Amino acid sequence: MLEVFVFSTLNGLVTGLLLFMLASGLTLIFSMMGVLNFAHASFYMLGAYFAYSISLKLGFWAGLLIAPLLVGAFGALVERYALRRVHAHGHVAELVFTFGLAFLVEEAVQFFWGADTKNYQSPDLLNFPLFTLFGQEFSAYRGFMITISVGIFLALYYMLTRSRIGIIIQAAITHPHTVANLGHNVPLIFMAVFGVGTALAGVAGVIAGPVLTTFPGMAVVLGSIVFVIVVIGGLGSLGGAFVASLMIGLLQSYAIASNLGMPDLLNWLGLEFSRDHPLNDLWTLTLPQIAPVLPFLLLVLVLIFRPTGLAGKREE
Amino acid sequence: MKRLHRSITFSITLKSLLAGLVLSLFSSISAQEPVRIAFIDPLSGTFASIGTSGLKQLQYAADELFNSKGGILGGRMIEIVPLDNKQSPTDTQIQFRRAVSEGLRIIFQGNSSAVANTLNSTISRHNRRNPGQEILQINYSAVDPILTNEQCSFWHFRFDAHAVMKLNVLTDYIAMNPEIKKVYIIGQDYSFGQVVSDTSIELLREKRPDIEIVGNEFHPIGQVKDFTPYVTKIVSSDADAVITGNFGADMVSLARSIIDSGLDIPIYTFYAAYDGITATLGADGIDKIYLVHNDAGNPLPSEERLAYTKNFKRLNPNNDMTQFRITNALQMLVQAMEASQSTDPFDIALALEDMRFTNMSGEELWMRGEDHQIIQPLHISVHTDQNIVVDADNSGFGLYRDFSVLGDETVVDHSCRMRRPRR
Amino acid sequence: MSILSMHNVSKSFGKTEIIRGVNLDIQAGERHAIIGPNGAGKSTLFHLISGKYQLSSGRITFRDQEIQNRPPYEIARLGLARSFQVTNIFPRLSVFENVRCGMLWQQGLGYSFRHLLGRQTELNARAMHLLAEINLAERADFPAGELAYAQQRALELGVAIASGADLIMLDEPVAGMSLSEAEAAVSLIRKITEGKTLVMVEHDMNIVFDIADRISVLVYGEIIASDSPQAIRANPKVQEAYLGEVAMTGVGGNNA
Amino acid sequence: MGKFAAWAGYLVVLLGLPQLFDSVLAITIFNQMAIAIVFALSYNMLLGQGGMLSFGHAVYFGLGGFMAVHALVMIEFETVYFSITLIPLVGGLIGLIAAVFVGSFSTHKAGTVFAMISLGIGELMAASSLIFVSFFGGEAGVSADRTFGPPFFGIEFFQDVEIYYLSAGWVFVATAFMYLFTQTPAGRMANAVRDNPERAEFIGYSARRVRFISFCTSGFFAGVAGGLFALNYEFITEENLNAVTSGRVLLMAYIGGLGYFIGPIIGAVVLTLMNSLLSNYTELWMLYLGMMFVLTVLFLPRGFAGFIMMHQTAWLRGKLSSLFLPYLITGMPAIIFGGSILAAIEMLHHEGEPFGFLFINLDSGNTLHWLALTAFAAASYYACRRSLGQLNAAWEEANRVGDPTEGGPG
């Protein structure tokens, strides 16, 4: 039991931190521009595919460096030439645009790379077990994923709270007009933030691609979960997003590890149903079976009872 | 960039246009009118590569075996009409009606049991309501047992072994391995996953009562980001083997996670080869991935079969001959047409019933008349790079045959009570 | 007889107390202006009365009914209408629709989906009549968001009074207008609030003294005086706190 | 009079279509359109008229459809006895019930909160549809036979064309009711709340209640569309209530044009045609659909209907004809440019193999083809840019006399 617990915690951490890399960019973009970027996970997917193509020619490490830059540049272009244009028509139009972009990116990825899964491999350098616990290996690559995620979190935190740019960004979040009046180029800051946010998603894609499989559906699988995190954490709150990411990662991991389900509940209540009961599907439901959709349940509950999320102040 | 069926279609459409023109001028040549066969499978979207690959194999079989040799029924060509259903039951309906609209009477379809099921019931309804314009369903790949059991239909013929038959062979194979004491079953939460789970448990209990089922897990289809938490459970259960019916990305991710965790146990699968999966698993999957299927992989059983496969590869360098049963199905279909000298679905169906056929690999096939289920030898192959003559995904890796059973041994009972139309 | 009374009304945002125990009675039929320096809490007071904000403590009664902390739509249904400092109309609806929407509830149409608006001839006639009163009749079919600023302000007034409420609260109705526009607006206000109770926040002292029967002075969340215009002008406390500086800025010195 | 003529025309088109095109395929497409029109109109009620962006509208469509199929099964097994012509009503009621339940907590706020709740509910329903097999039938769905009910004036609905006439009737009635809804106080206040929920509260309306009413009505008509689906296809599967269907209806409504009543109808027709015809000419149709959608959001924020309505002023002034030539001069090269881009995309797709594109044969291995394509694209782009000024001038001219309008196209 202990081994399951320990490994579930580790797995939850890896997933949670990965989710946070996506969520941090999304939150940053949201707090700056008020745009919930539906296509955020698409940039994550692009990161994986770019890195895959680069890794074929130049190896994994080159991909880790170049792919996020490409993704970030693409993100900045999208902001400059498309999002800014749609911005005039309001938030709904922006949300719809990013929705369309997500759709388009998925199709484009299939066009350029095909619909098959891609053989994107982790580097040989990290192909060894970091440690073995209770007979299960924890690969060095997963350790590397944790390191990168934590590193990015710290760098982001430092940048936002200590550096001059961070202070301008923080000010621009709360008082965009004042910042503009102070002579800062707010549109440029927006473009840069969008670029950085999408580049972060790109990094996540680069390091997640080899582990979580690089295929055209990878954005869809992750996309709405990241949305859920940002909303649960509280729109615009980086700390909230961090907590929510880990929470979702651990929740899913523990839910899968547990073998609890309705049968246990019914046993405990002393109830029994035959297999022909019309609600048999419900009585035999188990936690692992529904683990991947638990975040959506959480999302709906949070929005009903605390629409601002865990740490958020802004509602819209 | 790699899917090419348009060119085929287009040239065919031109050809048929021309043929139509000629036809209207000289109606006496109507004997040379092509035999048109609809192919309804995903040709765009997520599952396009699988459907397109099937289309190429069918087209190749038609061209190579019949059209290049003067056609069938005294000189008529076979024309394959591809219709894209995006693997959606709704779009399948639309394409079915298009087929009806264009006077196509024979439909090849394989991907997704959900699609096959809805197509089956649609065709039953259609044939009941439109006597004289019946449609025939040639199912080359959907393995839901229900199609030749409770929902069996006179108008449906299956050319693949259904899930229970495959599991029967797979559990035989597992039962032969005395080292396996604990088995973990994991699968996608839908009908096929459930069949795999229920049937494996039942059959293993019968064949090896000492084997313990240490896990029986379902996960939502296509929703799991990371399989590591599931693998943690597999590890802690001390399983000696894993059985899974997963396909696509869920299959790759699961296998990857199992291998990454350092777990060195066999994984018994149905769909863990080709379409990028073999290449993605690569060296990690060697001697770990086992696959039950009806296609005699490496070494290829006959010279004729080898030449046939190599020629396909030459024409379609980016595709593999993944479903040899398509060739079986077309050959048997043509044999039925020749035998009945008719292209009418009713006549073809009667001729197909209880047909026995020796295929290119030298295997004996029998289309059981009671439920329209093909009975054929089944094989279990292992993922490896040793002795691979025909590889998968151009990766150097492929499937090597490890265990085979003859058709007779794969037979399982059926519960089909077929309603036969009278003429 | 007082139509609206506030008893010890307080409002805090976090630790900052914006309104500190306001007591105020508005008499039925009077034109009451609330003045005070920027940040005194005038708009906050409006928001408390109309239900946009919740009170921290105190009581507000409208026609002897307690209305504090009730949702805005319930307060509006009792017959209390208000306008906003920043134009707050329905930009994509036509000018006519804006005014007609303002009338619907009091017409008893509520959330009905059995009545067709096109068939409500009397309602439509009244809406057109009101548009004529606020000089927007020929703009009736125009999207409200595309009107010129002064016209939007007029429409803002129109939406507020459309319900036929007895108590009308106007928040800086002439803010941002040119001199001539403001004059037209003042006569419009006079005309359309005939026979009703008016509570108004305004910076422009000329207008305040022109329209109001009574003036209350709000400074740092407290009412320091509430009296007739003459008495207010003479009140040394008011002069000290507020009036002196503004008197010099004159008519155009309102800040939006 | 004009309105009456429009409605009469609508009815004539609905009933006349099968007379013009009577192949099985054409009837299939018309049936799809009928379903899509009702569904898209119900969606527009939310987004276009009520300002509520939903990512889970298929839930109401799907639940209505599932219940409708179950009702058909009940008719078949004589558990209940009524004419199948009333099946869409069954769907509608289920859609309504589901919407009342979800709306009771989701309409509190519009905007992001509403959108996120709809997303969450959509995902939960999609997951449940695979878990609760006894009702949803797993991935194979549930199916029924529509021909077992009591005949409707002798019609037993064996043929699709009979179902089409039934659907057309329902579409007409549903369209009429949805239009009439926009003319009621509840419908008009939905617009007001969309524009400015705060102000609506100060004129006596609870924004939440107004949204709730729109939401429920919209759920009802989505359910009706689901019922029509059940009648036409005689089965329904989980794909009909998952995110793909929700996304598709958003596309339809948006491309057609939000805020115009006829917008979603246009969108439903265009998308249905693309879905059922374009997919037979290219595997890349989804890519083109995505491109079209993104371009529409960028350049035609009010959709096709908005583009048509932009010409109202010019038409009223009788100056529409003056735009014809400039449109032609700019439009032709624009079309050629678009065509060249498409040809290039197809050429990349058909790597190494010749294929037919429109009326010519292209081969990506042929450098000459690439060069010709580039030349075509460059020349047409240049021509397009050159003539754009002229078009803008003509546009200004046609729309002059004061009133601010949208600004020129392009």
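Order of writing sets the chain letters: A, B, C and D. Residues in each chain are counted from 1.
In the analysis below, contacts are C-beta pairs under 8 Å (C-beta built on N, C-alpha and C of every residue); 3 or more make two chains touch, one makes a residue touch a chain.
Because the structure is predicted, anything quoted here is derived from the model rather than measured.
**Student:** Averaging the CA atoms per chain, pick out the one whose centre lands closest to the mean of every protein CA shown.
**Tutor:** D
**Student:** Report the chain whose CA-based centre is farthest from the CA-based centre of chain B.
**Tutor:** C
**Student:** Quick check: how many Å separate the C-alpha centres of chain B and chain D?
**Tutor:** Computed value for the inter-centroid distance: 36 Å.
**Student:** So, what's the distance in Å between the C-alpha centres of chain C and chain B?
**Tutor:** Inter-chain centre distance comes to 75 Å.
**Student:** With chain centres defined as C-alpha means, what is the inter-centre distance between chain A and chain C in Å?
**Tutor:** Roughly 48 Å separates the two chain centres.
**Student:** Taking each residue of chain A in turn, which ones touch at least two of the other chains?
**Tutor:** Touching at least two other chains: 110-111, 289-290, 292-293.
**Student:** Any chance you could list the residues of chain C touching two or more other chains?
**Tutor:** none
**Student:** By the touch rule stated above, which residues of chain B touch at least two different other chains?
**Tutor:** 1-3, 45, 48, 189, 220, 223
**Student:** Could you run through all the chain pairs that touch each other?
**Tutor:** A-B, A-D, B-D, C-D
**Student:** Given the complex with chain A, which residues does chain D contribute to the contact?
**Tutor:** Interface residues on the chain D side: 47, 51, 53, 55, 105-106, 108-109, 111-113, 115-117, 119-121, 123-124, 127, 131-134, 247, 250-251, 254, 284, 286-287, 289-291, 293-294, 297-298, 301, 345, 348-349.
**Student:** Report the residues of chain D in contact with chain B in the complex, numbered from low to high.
**Tutor:** Counting only chain D, the residues touching chain B are 23-29, 32, 127, 130-131, 133, 138-141, 143, 145, 147, 158-160, 233-235, 237, 239-240, 275-276, 279-286, 348-351, 353-356.
**Student:** Show me the residue ranges of chain B that touch chain A in the complex, using the header's touch definition.
**Tutor:** 1-3, 45-49, 189, 217-220, 222-226, 228-233, 235-236, 248-249, 252-253, 256, 260-263, 275-277, 279-280, 282, 395
**Student:** Could you please specify the touching residues of chain A with respect to chain B in the complex?
**Tutor:** Residues 3-4, 7-8, 11-12, 14-15, 110-112, 114-119, 121, 129, 132, 134-137, 139, 141, 211-213, 215-218, 221-222, 225, 252-253, 256-257, 286, 288-293.
**Student:** Where on chain B does chain D make contact in their complex?
**Tutor:** Per the stated touch rule, the residues are 1-7, 10-11, 14, 43-45, 48, 52, 83-84, 86, 88-91, 93-94, 97-98, 100-102, 112-114, 117-118, 121-122, 125, 129, 144, 189-191, 220-221, 223.
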